[in-house]
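Input: a single structure, listed below in structure tokens.
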């Protein structure tokens, strides 16, 4: 039966021992979004040009957060990230901003948590910058889309 | 018309000047959840007793993350938090774990971002600890529920 | 004779005891600049519109660095900053970008170091983002311009 | 034409992808100085023996800051530094203290920013420790002197 | 019966709510020591003058660690420390270096953990700097000596 | 004669240059304990089941502290830890809780400081969580037990 790898046989939390795992190039892609009122989305999209670049700030926050992952996620390994990239996809129809983070490393373990953390903190930063005009924004659907390079093979999330 | 307070008149990002705001006791409550397969939820709920306390680890991660908010959210103010509390609400029917964070401070500005950050990092920690058995978990619906103590009065989110 | 306040009578470094100092609103303004080739300055100024916002990134780095001052400057006090603002002044004649940081706090001690640190890190970030095209940029003339609100009265730097 | 490497083709900030770069031993040397009144310089130089070791504190601050570079410079990569060294060169004639940092790593990218950050923070620490006697000190001429080990070959700054 | 205050009625870890506690000036004094071979102690004591100031480095490490306490101790509150002081007491007879930390704050909760953390990290730093010559050093007897300023009154440890 | 490796020939602190050292798998084991009143020990041991898991919190604090070692110990190298494990050994006879940390890395330098730091912070966390009922607990006997994988060969502490 499936077991939680972050606990030892006594049920005690451990930083999983990756000493024996191979050093390979690994990549993870995560996504999420911030839902908001149409007026808030307008403000962000106009602002990009004139009044202040909400997404530019959120992008940096996400990149920096990826580097802080081992400080935030208790059992995460410190990793020498070799690439972090954030993309935003405004969607007027659904009145949301989609966020995607792509993280790479050449190391003994993967960067799913780094990609997910980058998305979460970028989304929270969008909230922070717009909360004075829209307290009801929702950060949602943060999930792993793809992962490759590790022993467990390639993972691709299937969505319809 | 509504304006984004985190930019000055030239559209430049600033840490909002709160020097003139009053020192009051402020509280914020945020919520979110992690959706997962029923088997993953079982594993977490059993594990609490025997195999490793996923929610205990996530709770600590959330509390510590609340303290790191000004490091993560670029324009957030550093604040001397006076209380941080995390609660988890497993829901077998919807196959998810609800997370609620309550944060208090006596200060010139509020703690919405601290509460939201605590929920997000607790949720990501649940993901981290269970990802070996369920890569498809989704962190979702992170939102502000209540906020009080500031000049803008009491906010209560209305949900149906 | 003048004494260095950060050492005790035995010459040992101490975090100066400010317990008895009054809580007042304090402000500090610091400045500095990054000298560069005219072509580099052009690239930054054009880029602002089209190719990437060097100064937007540097501004955020400066604001976030102000919050990290007590982690960087060994004997600095942790302070609940109430405002941080960064301004950039491109100067084509001298081929440099001037940087000014304004920091406020209501506390027992001042924020000179926070303002100076914000300028230094914003300047280093400009260097980082342009170093591929101009390794010879120089970060220079980081200095305190004004300081007010403390027991030692108002300081204004006189320059000609 | 020259391009800023820290932005992608849409002008969005990215942590540059170094996955494909070779792992080599890299070294960077940076310099800067703190100008001050002759009396302040005297106080520091005497203090070294008797009243408190300003340069000893600044040296440690610089070494520790080199390790914090990826937290400070938004798009810098986290790197496993293998050596950090700070040297001070008091100059009574020009009434300043010169600072030099030498940083090494065996990695996919260089350590210019680490060396420059070490110099800047060491200089700011000198300012902090002496500001009670000389508010007008100036941190200046922070620049890269040498860099080697990367694909772009050896760089040596030419000064006269 | 005595209860552990860091858990709520369900046994869940919380950052204790201090919102209602009074703001008072609080002080804590902690002590500990590093036992070592007599030759190691000699090396440290000579070094102070000539070969490198182990205790100067350890003092700074202790002061900086006091500021990092809320990052290290999961349920500790972030506090605006107003004073941190480290003293060392070499004892040739017992072949050890005693360490004492005194920390002050004006706040809603005390600074015992800050004083204890400062002693522990100063002691570990002594170990780090001397481990090449004496791996068998022992960090020991880290304890609270005094505490005052809080609702629970004055505490003074009685030792014989 | 023995020399302190963390100082150069002028007695200046340096981060030791490990560039030329080989990359090998290294392991360190450290131990320490927290002495307390029998009633406090009872409270912790009962609590594990019912009232709050002191040792679970301390375990996480220790694991996270191992990752923060280069931030705490001024001259420590940043290292990509591959495993951190904490074990607790309650001892009713001596009325103490023993703590052991095991840390691994594949790198140019060892992880003694990481293991010792994990033990110290786990011990301080036990103190923090129980201090309301027993201020007189003592953190003691933090020491290196074993070390292997480096050029200096295997070290095993001999105790009787």
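We call the chains A, B, C, D, E and F, going by the order they appear; numbering starts again at 1 in every chain.
Everything below uses one rule, namely that contacts are C-beta pairs under 8 Å (C-beta built on N, C-alpha and C of every residue); 3 or more make two chains touch, one makes a residue touch a chain.
Heads up on the chains, UniProt names are A, B, C, D, E, F = Cyclic pyranopterin monophosphate synthase.
Predicted model only: the values in this text are computed from it and were never measured.
Participant: Provide the labels of all chains in contact with subunit B and in contact with subunit D.
Facilitator: A, C, E, F
Participant: Work out which chains are contact partners of both subunit B and subunit E.
Facilitator: C, F
Participant: In terms of residue-numbered contact pairs, which of B-F, B-E or A-B coincides with B-C for over half of them?
Facilitator: B-E
Participant: Consider the two chain pairs D-F and B-F; indicate the one with the greater count of contacting C-beta pairs.
Facilitator: Of B-F and D-F, it is D-F that has more C-beta pairs in contact.
Participant: Cα centroid separation between subunit A and subunit C, in whole Å?
Facilitator: That gives a centre separation of 31 Å.
Participant: Would you kindly tell me how far, in whole Å, the mean C-alpha position of subunit E lies from that of subunit A?
Facilitator: Roughly 37 Å separates the two chain centres.
Participant: Residues touching two or more other chains, restricted to subunit C: which are they?
Facilitator: In subunit C, the residues touching two or more other chains are 12-13, 53, 56-57, 60, 64, 68, 71, 74-75, 78-80.
Participant: Considering only which chains touch which, label the overall pattern as line, ring, star, complete or other.
Facilitator: Drawn as a graph, the chains match no named shape, so other.
Participant: Mind giving me all the chain pairs that touch?
Facilitator: According to the stated criterion, the contacting chain pairs are A-B, A-C, A-D, A-F, B-C, B-E, B-F, C-D, C-E, D-E, D-F, E-F.
Participant: Quick check on the complex: what are the subunit B residues that touch subunit A?
Facilitator: For this pair, the touching residues of subunit B are 2-7, 11-13, 32, 39, 43, 47, 50-54, 57, 60-61, 64-65, 68, 71-76, 112-113, 116-117, 120-121, 123-125, 127-133, 135-144, 147, 155, 157.
Participant: In the complex formed with subunit D, which residues of subunit E make contact?
Facilitator: The contact residues of subunit E facing subunit D are 53, 56-57, 60, 64.
Participant: Which stretch or stretches of subunit F touch subunit A in the complex?
Facilitator: 25, 56, 59-60, 63-64, 66-68, 78-87, 104, 106
Participant: Please give the residue numbers of subunit E that touch subunit B in the complex, ascending.
Facilitator: 8, 12-19, 70-71, 74-75, 77-80, 107-108
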